[in-house]
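Pasting the structures here.
Paired with chain B in one complex and with chain C in the other, chain A is shared by the two complexes that follow.
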Partner chain A sequence: MEEPTEKKRIGVYICHCGGNISDYVDVGQLREMMESEENVVISKDVMFACADSNQKQMVKDIQEMKLDGIVVASCSPKLHLHTFRNVASRAGLNPYNYVQVNVREQCSWAHSDQPEQASYKAAGLIRAGIHRVVYSEALENIRISTQKSVLIIGAGVAGMKSALDLAHMGDEVYLIEKEPQPGGLVAGKGKVFPTGEKGSELVERLLAEIKKSGKIKLFTSASIEKISGSIGNFRSTIKTGDENPETLTLTTGAIMVATGAEPYTPAENEYGYHTVPGVITLTEFDELLKSCSAELKYAGKPVKSVSFIYCTGMRQSQGEHKYCSRICCTAAIHSSLVMHEKFGDVRAFHFYRDIRTYGKQEILFEKSSKSGDIYFMFQEKDPPVIEQGKNNIRIRVKDLLTRKTDLEIESDLVVLVTGMVPRRDSETVAQKLKIPVGNDRFFNEIHPKLRPVETVIDGVFLGGSCQGPRNISESVQSSSSAAAKIHAIIRKDTLELEPIVARINEEECTWCEKCAKVCEYDAIFQIETNGKIVASVNEAVCKGCGACTPVCPTNAINIALYTDEGIEGMIDGFIQQVQLKAAAKGEKAEEETAPSVEMKDFPQIWKSIMEEVREKPQTIPAIAAALSQPMELVTYHVMTMNRYFILEPAGIDDNDEYYLYKLKNKA
Partner chain B sequence: MSKIDPSFAEEIKKYGAEDFKACFNCGNCTAICQLSEKDASFPRMMVRYGMLGLKNEILKSKEPWLCYSCGDCSETCPRQADPGHYMAALRKYIIARQEPSGITRLLFTSNPFAIVFTLLLAVALGFFLFTLKPGLPVSRWLFTWMPFSVIHDLGMIIFIFTGFMIVSGIFNMTRNLKKGPETSSKKKISAWKAFQCVISEMATMKRYQNCDTEEDSFWKGKPFCLKPWFVHWSIMWGFIGLLFATILDFLFKDPSTSIWWPSRVLGTLTGILLVYGTSLALYYRIVRITKTYSETRLADWTFLGFLWIAGITGFWLELAVTFSAANNLNLVVFTIHTIISMELVLLFAFSKFAHAVYRPLALYYYFHSNESGN
Partner chain C sequence: MTEIRKSPKILVFSSDKISDPGIDQAGLRKIHYSPSIYVISLPCSSGIKPRWILHAFEKGFDGVFIAADGHECSYTPHCPELTNNIITEAQRLMKEKNINPKRIRMAAICSVCAEPFVNHMSNFSKILAELS
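Up next is the complex of A and B:
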């Protein structure tokens, strides 16, 4: 990293955002003001800074005028930070020598009622931006070397399948399993939907392939002692074997967590569990289906009717498990169908709160009803009551489908359809890997939709039901996707990380350990240089959160891009006196005739839109047609007027297609 | 606390409801039904009773009789559970359950029994007819081993038995309907008003006309005279008219007099209605014009077929009488006409025909307990 030098040739661009900013902030005056700022060589105001034409002009400016720093005062960096970083790159300027100032969300939109004050604030923010860019450094991405190997924790179907995926792509895989046998929950299953294959067969097939692959090392009866390191180079200490424990250390580029879940165990006497004979869980029932051959018998007695109680322990409004376990409806119905197929005339009664046989599984539900299974619906507040009858079990339920009639059903067996809950040992795994755990105690991904298999810890991925209840195919989908993600990272010898990390000034550092203690990511450790013990930062692990900087007594830590000089410079810039000409009304009107025609049109089109919706609410296409204006333009203005509380939505049109808008009532 | 009876589904299946177990209680059928109301909600509730086997609830219900089988529900059903035909099967089940001898149950659920029973009855009625003309050789042969008095008494017994079954059916039906759930609306209308409502419904089929009014209905835009409600109306009034004409004929005149005699005119006009209605209904069932008409059971065929034959032979005889053409063919036709008509009357309590009493009865209790009756 180069020693920062102050930037002397800075370009400032102030965006009108098509009126979004310039209607309130005096963009023209600000541009003039910034021209005379120290180190600023060019200051411009532009209609849309993000427009292609302006980006090209910026590239040209940077190259022709040899700019060494740029500031764009426009919208939130969330929107266009990367746009302008790319502009800098294209012009040959380091992207970190670019600073974005937010004068839309923070000025014009926030203070539309006080436009003059908005201009003052904008001036301060832009100056702060200029001062910040003066101290900006040219940063390069951090490159670290990676191991081409993966540690997979948990050899259920999810772990086994992703191990195979990675092995096929040429990666070395260490697959560790806590139990003496691999296969997890699936190993114990009978026929599974939709293939009809047995769970045990599925596991055997995977195991055979694993043995054949030659790139997967499977450790059973194994546990994790310790995990250290970071993406590219994790070091895990593993203990294997029960009788002659052996400890070994594995170095891998990434870790996949596929520790799975476990079935919920009903509480004592929950629906008569363990107190009424013949009340069993779905897992126990599946075992019974497997073990009985000619006739379905429980405790030596033939079973002629079975009642399934759904959502046992799940979807509790007042309990620990608030979520829907989503696989159990299908599992129960599937078991019921397997029962019909194997033992013929056994009646099945289903007591449910909602049936959630999503996707193709709906076919099973239909098949079950058609085969004569009877469904009863209950509410959480009125659960079925299970009692010991004379010869069988008596179930009483207020059936929602029959006007809450009290019904009595006799049944030889009651099966509690239990959902999936996090494994009891999941907390330990989470602590060792520092992956966050949700309220439901399942492991959390970064983003459920967009980054569903990644964790906040770089290089640690999730697969299968450790993330939440999943069926076999969903488990394999997620772990296979994690395998692909992992391979994409470790296939290259090196990987690049954002350079925003903590940096230690070794001369100032006295190794008081305060920084290491506050670091949530364990990124700070001690090293010895030149006979002195100082702190050092693992750049692959550091997130640049800044927790270490304020605790350092000697001020020896700085975060790249957020240096003390930079921040202090920003404050200096912000508190400078701002002199704005009071915009006399006549004067402003004159100014408005300036560069663009559209500028002048804005108030007019707003008035037209307001006229259109005054009588009755209109949709955007209707307004566009009435005003003979392009729909995009009308959409933009209606949205802006909506944001400004001039218009408000008034329901949806008859085709359920477009929202209607009306004038907002100023009550 | 009601006990469920899952075996009931198998029983109702024998009456023609094949698919109703597929129901998952979404209620689309009730939502689409033009006749279903807050206090008379069907078909879903009826399907639910059937699934659970709550037989008493079914027998107590007026709802099966409020349905005219337009088939909208079956069209709408997402599970193809065919609630329309289920309602028709329920009506047959109820008819069978109200009749105490058990003959109806056999007639509805066993086709071989129904065929043999109907044929035997026809033969017996044939013999009975011959006894009215003692001059015929067949009659003389008959009397050699069965005296006239025995035949006469047997006939009386059969008529008394039939009459008793009709009366007890009506009695049972009334008792069951009275046990039905009290409606939520407090304002009951008077018995007289309810009776008027029933008559008005029979005269106009106003409720039936509400059926099949969906935008995409097959019958939408078709002339009224082709619509199911009108077909039903013409069969019903055709039959009632003929019944009156026959009684008047019987009381006041010799059947062989002028065709312009008032009771004859009534008979001709209503006969046309009957033949028109039954012909169309049979045609609709033969070509399966809509889903509703696509499933016809033996009990439906015999009931409609008998009405149609009775009508056609009736006209034949009217023409024969008008042109005074007495020959053997006309005698055979007369025999057929009489046998079929007698079967219709004798089997009243044991066939679909019983709905002619049960439906008005159920409507009466529906209107009586329902302020929206008028």
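Up next is the complex of A and C:
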């Protein structure tokens, strides 16, 4: 491993964030303090570090002052890490010689109750950033060529729709389905909410489009034998056909997993399933609704009343499925309404713990309530008891809606409202692709909100209900998102990966295999170099998690950007003693009355707005008209300027209609 | 004016994707915690080296807190076990240096765990204050 070259010419930029930081942290003093730090050649405080004007100035500084490292102390790196990496790149500085220090979320905001102490902490944080950049290395992104094709595993609606999305964008798609027919769970459904289209019709429509596209190759009765390679070049061995199986190898740039979920099968005698005749699951009930024509009959007997037992097998505080399956309430109510529509006067009783009919699905609940369906509420500790009655089934329940009254209902049919569970074969797929699986055994995305369709395996994406219970619309939304993400990656001939990977110090390595054993991704293997067996890292496969680093007995592994020197340097920076000048009395007040703002740091529209209100207070519509800008845009900027104490309200106009705004502190 | 050390100095190791967003949330919502708490974010808590923990104590930190990914880790389902091994090793090294093993603590912090993080910090600060 090469020793990092220490950086000697560092630029430090401390952001006011309009006041979000400088209201609590003494940015001016910190700027002065950092000027005298070793290796720092320029230290500035700026109103908005992310503003275009500042970015341009940073590029200029880097080039003119020949900076070899920069530190930006501003917001969380989650917001602007890439903004400033791009600034560095534009200036010809390696982007990994830039360090962002979080002095907003983890300092000024977190300690807004103790501004002086926040300043001390910020000093430590910035010093740590400087130490880190001193030991930073110029890293090159890993460049790999990529195939403009995608493998989609699972031809349910999610897989089919994303295949079409990708085909429309010009990508070649291999869509493989384990079953003889595509369509997954939806293919067997009757009318679906909210369109009223039958599941089978929906699948046929998608299938016709797939055939027409010419870009999608659909393989049914197909299974994955083996997957190797990495982003840009996955090699998948697929076995197709049951009778005369064929094996083919596909090379694709990315993989989308859309294997779906399956309905929960109740345990033997769970609510009388398989022991009390007439107790069936919701899936079985939907089949019954489809197969009966004039009259609803079960086992040859007419059905005049149906009881739905919600949350069957779900939300178990002690059991395997602790989660709410979130779609089954709507599915049950929808089936109940379909039953009323098709067979008229059949009574429906719903035994629920909580009803989850979110969004538009609330319409169904309202319709069901208005149609005369009766709802009973029970708790997990007092579930309904299902017994065989004389002529039908008896359900006993302690109903919360009637102050825990013990009620007894007789019903011809009991429908167990079962939710979605992960497919039994999902772990096989997880193992082949090394996708992490959650406690609920569904596949894990990187982050449910921030990166909802990506997995930690670069190039492997998730779509549909393999991530968790979803309705058709939600499944298709997620798989379409994944399709868009995939296309953004494979549309270029080459793609770049962050070089945050494990690196081996071959001199220190003794190949004890401990690193290889903890690696989830098989990224570490042995090689022989200069007659010595040492570890080596497959950079395209390594995820840079670092699990291999603490287990090394000779400390021969480091993760790029997270070296010992860098991390220990940060710790030294945190702990260093700091001296700040006490704020003189009245200084703060003076600052508030005359904020030291530099016009060049503002976006152009702010300057124009300030010009408009300089002489006389103006309303937002008047400013918008004068600047020929949309009202929404001007409103947004005026509100932001108000927040940052640049503008302030100055009464209401003559028509009592709009606020007037003026420059703050301008009488 | 000099820095007033009201509460113990704690070094927190967080993870980029799971616990660090949770700590950011605390700031975003202005749920205050001690300014003597400093955070280093890493890709995954299974990648913390015991020598870094030792270095923190040697330089003057009173406690080290690992805001672990726990079972939410997107890299490995063995993350809790691996992180636990790191703590065990760090505590062994701490004992050798006569550092009380109670000065290191771990809890799973998720990406929205703002209050739990602040509560952990408050409790840990109390424990450290009692130790010193």
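Heads up, the rule we're going with is that the second predicted complex is superposed on the first by the 375 of 667 C-alpha atoms of A that agree within 3 Å, B and C clash if a C-alpha of one lies under 4 Å from a C-alpha of the other, contacts with A are read in each partner's own complex, and residues count from 1 in each chain.
The rule we apply is simple: a residue touches a chain if its C-beta (ideal position, glycine included) is under 8 Å from a C-beta of that chain, and two chains touch if they have at least 3 such contacts.
None of the values given here were measured: they were computed from a predicted structure.
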Partner chain(s) touched by A:G241 [first = chain B, second = chain C, both, neither]: neither
Partner chain(s) touched by A:P302 [first = chain B, second = chain C, both, neither]: neither
Touched partner set for A:I409, first chain B, second chain C, both or neither: first
Partner, of chain C and chain B, that touches more residues belonging to chain A: C
Which of chain B and chain C A:F365 touches, first, second, both or neither: first
First (chain B), second (chain C), both or neither touched by A:P630: neither
Contacts of A:I575 with chain B and chain C, given as first, second, both or neither: second
Chain C-facing residues of chain A, complex: 76-78, 102, 104-114, 116-118, 120-121, 124-125, 128, 436-439, 444-447, 449-451, 455-456, 500, 518, 520, 543-551, 555, 559, 562, 564, 567-568, 570-572, 574-575, 577-582
Footprint of chain A on chain C - complex, ascending: 1-4, 6, 9, 11, 17-18, 20-21, 23-24, 26-28, 30-33, 35-36, 38-44, 46-52, 55-56, 59-61, 71-79, 82, 85-86, 89, 111
Partner chain A, residues of chain B touching it in the complex: 1-4, 6, 9, 19, 21-25, 45, 48-49, 51-52, 54, 79
Residues on chain A engaged by chain B in the complex (per definition of touch): 347, 355, 365-366, 369-372, 374-375, 377, 396, 399, 401-403, 405-410
